[in-house]
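Should a chain be cited, it is by its letter among A, B, C and D, assigned in written order, with residues numbered from 1 in that chain.
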Amino acid sequence: MTGPKHSCGVVGIKADFDIASAMHTALMIIQHRGQESAGITAYNDGSMETVKGNGLVETAIPKEDLVKLRGKVGVGHVRYSAAGQKDVVNTQPLVATSSFGSVAVAHNGDITNSEQLKQKYMKEDGWTFHTKSDSELINKILSKHLSSVGDPVKAIRATMSELDGAYALTILINDRLFGVRDPYAFRPLCIGKIDGGIIVVSESAAIDALRGEFVRDLEPGEICEITKDTYKSDIVKPEHPRAMCMFEWVYFARPDSVIDDRGVYEVRKRIGEVLARECPADADLVMPIPDSGRAHAIGYAIQMGLPYEEGFMKNRFAGRTFILPEQSQREFAVSTKMIPIGRTVKDKRIVIVDDSIVRGTTLKKLVAMLRKAGAKEVHVRVGSPPIIAPCYYGVDMTTRDQFIANHYSVEEIREILGADSIGYISLDGMVEAFGFKKEDLCLACTNAIYPTRIEGEECRRD
Amino acid sequence: MTGPKHSCGVVGIKADFDIASAMHTALMIIQHRGQESAGITAYNDGSMETVKGNGLVETAIPKEDLVKLRGKVGVGHVRYSAAGQKDVVNTQPLVATSSFGSVAVAHNGDITNSEQLKQKYMKEDGWTFHTKSDSELINKILSKHLSSVGDPVKAIRATMSELDGAYALTILINDRLFGVRDPYAFRPLCIGKIDGGIIVVSESAAIDALRGEFVRDLEPGEICEITKDTYKSDIVKPEHPRAMCMFEWVYFARPDSVIDDRGVYEVRKRIGEVLARECPADADLVMPIPDSGRAHAIGYAIQMGLPYEEGFMKNRFAGRTFILPEQSQREFAVSTKMIPIGRTVKDKRIVIVDDSIVRGTTLKKLVAMLRKAGAKEVHVRVGSPPIIAPCYYGVDMTTRDQFIANHYSVEEIREILGADSIGYISLDGMVEAFGFKKEDLCLACTNAIYPTRIEGEECRRD
Amino acid sequence: MTGPKHSCGVVGIKADFDIASAMHTALMIIQHRGQESAGITAYNDGSMETVKGNGLVETAIPKEDLVKLRGKVGVGHVRYSAAGQKDVVNTQPLVATSSFGSVAVAHNGDITNSEQLKQKYMKEDGWTFHTKSDSELINKILSKHLSSVGDPVKAIRATMSELDGAYALTILINDRLFGVRDPYAFRPLCIGKIDGGIIVVSESAAIDALRGEFVRDLEPGEICEITKDTYKSDIVKPEHPRAMCMFEWVYFARPDSVIDDRGVYEVRKRIGEVLARECPADADLVMPIPDSGRAHAIGYAIQMGLPYEEGFMKNRFAGRTFILPEQSQREFAVSTKMIPIGRTVKDKRIVIVDDSIVRGTTLKKLVAMLRKAGAKEVHVRVGSPPIIAPCYYGVDMTTRDQFIANHYSVEEIREILGADSIGYISLDGMVEAFGFKKEDLCLACTNAIYPTRIEGEECRRD
Amino acid sequence: MTGPKHSCGVVGIKADFDIASAMHTALMIIQHRGQESAGITAYNDGSMETVKGNGLVETAIPKEDLVKLRGKVGVGHVRYSAAGQKDVVNTQPLVATSSFGSVAVAHNGDITNSEQLKQKYMKEDGWTFHTKSDSELINKILSKHLSSVGDPVKAIRATMSELDGAYALTILINDRLFGVRDPYAFRPLCIGKIDGGIIVVSESAAIDALRGEFVRDLEPGEICEITKDTYKSDIVKPEHPRAMCMFEWVYFARPDSVIDDRGVYEVRKRIGEVLARECPADADLVMPIPDSGRAHAIGYAIQMGLPYEEGFMKNRFAGRTFILPEQSQREFAVSTKMIPIGRTVKDKRIVIVDDSIVRGTTLKKLVAMLRKAGAKEVHVRVGSPPIIAPCYYGVDMTTRDQFIANHYSVEEIREILGADSIGYISLDGMVEAFGFKKEDLCLACTNAIYPTRIEGEECRRD
């Protein structure tokens, strides 16, 4: 809740009906993964049509355009834009035409060698780029391989062999739909069966919303072709372990999604329980920072045997503040977005539970608001270890400077926040709550050890 | 959560600074009371200017208009529109010019004798009406009295003597600001001190958001003139008890507001506790229907000693469905708006707690979704008695036909909902949770006994 | 072309089909009479519905609202707003509900005793006013009379007896439609037969656009009830002559309209001819200030035997500049709006013909542009006498200060404009071109003698 | 006026001030060349920023975006879109990033070998295309040459050697600005000096609007680098004559523009004069089809010694109908867009003069309207020979089927139009009016002989 974090969301559907409306619903469900642009590309009768734009799904994809969009197969995308990429040309899906036909790509993640690849292709083959999006690069490399090898699976495999970093992709090659997950499985991607078709999407909640049946998560390195009845996979088992982003469970994903066989709500509750064992607090009640800290707080309260209270009122009538890139907008919005319930917090010793601390600025204000409302003690508990290292795989935490934990000790952070005590879950405690092997997770933002080679950073494979 | 209920919200501010921005913030905070139109009228340099329109505050009052709005005193309004009143002419505040000057009125409630008053004035004085809003009627009667008696307080008192029904008003008479609460105190209205001024507003949460200090609720029948430093009241103590709308605490108001010295969140939690004592359930966990049933469920869970779980995921990226008048829109939206968390509910005996049941259509779907997700048992608990009678005081429940409890017994309702058990709180139990004397509440929608005379209905004064 | 002048436009249609689309077409055709707001009120099945808003017809009345507007009878309006009246509440038609039913009024003109009437009704009957529009006043007085006398024609007659000034009205009283023209016939209003109905409208061009047949102009003081097949009139012949606004022919009306049996284009051409006889010029060619001066220039050229040239290129992609109230916007827009054609004007002795001069600011720039483009001589000819007195009957020229002819002699004006010569048509010459008796025209803006009594001004009846 | 014809418009400015506002003005002035999208790309501080969108300049380039656009050099574009290319990705300017840096291209014309070039590069170098615009192709080929040869002029020259067809280009290569005109000079492009900078633009009128000085037209095959003080050219004199599009003077260009030393207004007037000599008419008056036929009609009237009358009233409040691609929209709009002035045409023998006839549908309606208004005779005169062959160089007349003159004889056309007589100017007559050598014009649409090789068409070089 208390800092800049983001991802994107992708979806693909192939069905025996026009997919525009189902696609729209799916994008609404994964809207939390990106609120700055949205788009749908559908294939119909020999060509692709795209409806996309800036803003939330309901703005970017107007009803009047949606109803005109024909096609029984398509891909969709919701995007969070890093600073300087707000131009509408950067919205996805991006369609490319090559001698093989049309290709549309929707991408979640970050390609770590994109600059090198761009330079290489610009120099060697005279390529040009029209956007700042990795999606264009992936699309072009894929189109090139399609033109030479012809077979889509082979072309995707060849493209993957060039790409480093994180990518969950939905790809439309003429009328054929593919879901692709990188060999580290950084970002989630799963398949579901809906009435009359098949969906591949970032989060399982979208399958539920369409009243479908969850089938399974994609495997690391899997290329999965989706037809309206079934799907067919091509997997080259990677030699290295996975590197699933811990933040998907800690913060990004919806509580009602299940990712790689771990229910997000359950994981968060278990984090709360472990946190309570590791950092108990002598207090009267436990409160979440809504909405992201709710499950963590419930777990903490149950484990501590303390009452759980919804002591912050969150104003529904505004977007998730922190997801806007500019710091200034974030700071202004806080006072109307979250207000403590005076009678609940007055004279109480309170534990507030949040999922993580990046900058700490919002949290500092909330602690102050609790004090002003009469709280006797405020104990901060955090559902992830201190964030200290940048992410190169799709989370908008790209400089070390922004992390409060890089500048101050835990005790100093407590003082800055104005809390009576502070407790972070330990790395091992968090891993325990996930129930994965530690080596299957990307924990780089907390320990600065990266699953892939990044110039200037330590790689766990070394 | 499960039916049509609404109110409106009003605010007035007088300060030593331009009030546009503070007014905007206050309207954002009471936005939940009305999402179909919003407006601000400010007085500056001899005349009034109004910015208003349909939609949420951010749409109805565009930034570019807001920044141009000058004035150190003004009134504001958020509106829920009943069917057929969507025309922008019905938006408030409404400004009238008379020989006394300009008058702007913002109104929350329903005038029960408005048709008689309109007919009388149309016939006797040739008046015309341009809107379907009670606000116009109040404004005109007030303006007439102002023109004859001159003194604002006397004119307001004379106006009140003509009006029956429910009204919380903020009134701007040239540069003078008044807050008025009807003698039954149906709707809330309170005063707060903010930096450089005074605010009168429907809910105390707006005072908190402006970092102000709550002063007190208005008394029944109080006329309170607001200046930038202080306020001055004229109260004629009514001879009858109050008739505060029970639904303000049960559903309408924000949990972080305090109304008539009762914290809304606290009351809801106590309702949950009483409900647990009256209707316990043999279950594994307790879940709220978010957002309105959350506090009730927490109280229920604590009292029962059962775990509280956030088992429904609510999609932030859509408005509160039920507040749109058309049934069809409500039904369509449900499946993407609330999704059960599969792993949390599977194989569990679940208590779901909601604030009330009007039609029961949404609740029926949610029970079915829980069953589909694998819940073993579903027990419905309701934080108010069965709703059986229409409201004439500002809640959009105007016909007996719509109430499921008017057509079916409790046992039949259980069957319709598909629940394993159902339990409503008793009227006395709910009153106990409020902590008011029973005669000080309007409970008409649950017992069909009305605090004022309504043709064809039983009045408690008879 | 060279100053602030405006009017409004009204229409009413009764037919055996839904009139929304025909009404929309008619408003598009009279759009030049008012570009700041537009609206339609239709009566259907017992009640009136209104679609209106700020901006041009296409903005103010969106297609999606238009297609939903039902009703076989209705009134419409396009408005020019004087400064400070841009608030959407001032848009017309305005609907009032009284004990007689619903009344909608669309008004073109200015009521000269509106302030007195408002004061009287506010004081005597406690009335309030919600807009700054005369339309509201007319509507209220009419509704009052309707409530007392019942018969619409009598009520309209009674209303007219209270009103001073200029008014062409279309009135909807429940499902009955009336056209009304004031006893001076200041503003135009005519009747036409269209396929399946009858239209009453400010200008005959709207009848042509609907492929209808022009029937006749309304008489001074006529009240005409329109049915879908015929019309029925009630006329009280006024004892005074007419006072038809000369500016309707000189500037306001479309060239393709016929007003009071005078074709607008023809009148303008005749003005040009008279002007040529009165103020000939030794020149090489004649150019209009497009679009308003075109017909005047053609007449001038023919009479002089000089070539007519379209030597100014007007940019279609911007509104009529001068009609926006703020001077600053007007000045900025000029340079891109009208550009002389270099090769046509270079080394030439040029006559430019405009309809009138109010401020002279635009004309001054155009003369300078001609000089810069190489014109050898520039002779200004003007199709109306110097404007020296304010208008109280609906033209936005309300102060004496703005008229250049009030500050300078004709020779000084020539010098200010930078022209080689200047020639205004004489008053008698203009009257001759009209072909009316002088006493049947309102010429007050050119001779300061007013047809009705205005405080502080000379009245021709004295 | 009576058929589908279009082009685009381009501009480039380099100055010592931020060019956004001047660019905006220039685009407004050339707006008639394309009304479906508009855009500006500016270079500032190492990178390019683009503001563009669908619609007119004022919609596509909102003020709030314009004021934020920084940069002292940039290119701009207005576009007419052929059917199926309305997607916003096809808007220009289009920016490409290559190893040489950024390149933006704005293009007017049609590349006749674009499909072959695209196929070649897709196959040989694995290129992909993201738009249907020739501009992307030109940009990519140019970027490729820039990456290899480095020098911009050499790279542009190399690009030109690959392109066939028509192109007037403004090109931004990092901070360097170029104007380029194809070796046939199909489309206009000229240079002007403005205060503080230099502009290169499709039409000279834009220079006048910016109060600048026209310098000269670009030569066929010229590459001209623009700096803020001067310009430097590289010309390879083509071995073939020019092929300047006759339609620029006949219809596209503004009357106040001068193209290749021929004033557009003058040429049109001379066309009218020749037409009068070739096809005189025994009539009472001459009327233009406004706005495009005005100058032709003036010339015709002068030569014939007949009165010139503005007998059609054109409604300013709608776009140029014919420029919308869909036939249906065109037909619907006619009746409200142009109305004959009854009193002017009644009982008259009328000559109407238009610039050209493509389909004849609009003209047919206008003749019928004149008859209905009482015209005794209607004589049609046309300022260009019958259009019989498609254009491959940027005019939206791409199939032979649409031309009425391909289906009917001149006498049959007269009958279809319902005219009493019809007269087209002869090809030689039109050429005489231009004052160019016949071989320097592209007259392909009238004689089916093409200046460049087009598969299946006769080429004049053969």
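Rule of thumb we're sticking to: contacts are C-beta pairs under 8 Å (C-beta built on N, C-alpha and C of every residue); 3 or more make two chains touch, one makes a residue touch a chain.
Just so it is clear, the model here is predicted, and its values are computed rather than measured.
Trainee: With centres defined by CA atoms only, which chain is the most remote from chain C?
Mentor: The most distant chain relative to chain C turns out to be A.
Trainee: Could you state the distance in Å from the CA-based centre of chain B to that of chain C?
Mentor: Chain B and chain C have C-alpha centres separated by 48 Å.
Trainee: For chain B and chain D, what's the span in angstrom between their mean Cα positions?
Mentor: 61
Trainee: In whole angstrom, how far does the Cα centroid of chain A sit from the Cα centroid of chain B?
Mentor: Chain centres of chain A and chain B, defined by C-alpha means, are spaced 37 Å apart.
Trainee: All pairs of touching chains, please: list them by chain label.
Mentor: Listed in label order, the chain pairs in contact are A-B, A-D, B-C, C-D.
Trainee: Given the complex with chain D, which residues does chain A contribute to the contact?
Mentor: Chain A reaches chain D through residues 49-50, 87-89, 94-99, 103, 119, 122-123, 125-130, 136, 139-140, 143-144, 147-148.
Trainee: What part of chain C is in contact with chain D in the complex they form?
Mentor: 25, 28-29, 31-32, 35, 56-58, 205, 208-209, 211, 254-256, 258, 263, 265-266, 291, 294-295, 298, 302, 307-310, 313, 315-318, 320, 335-336, 339-344
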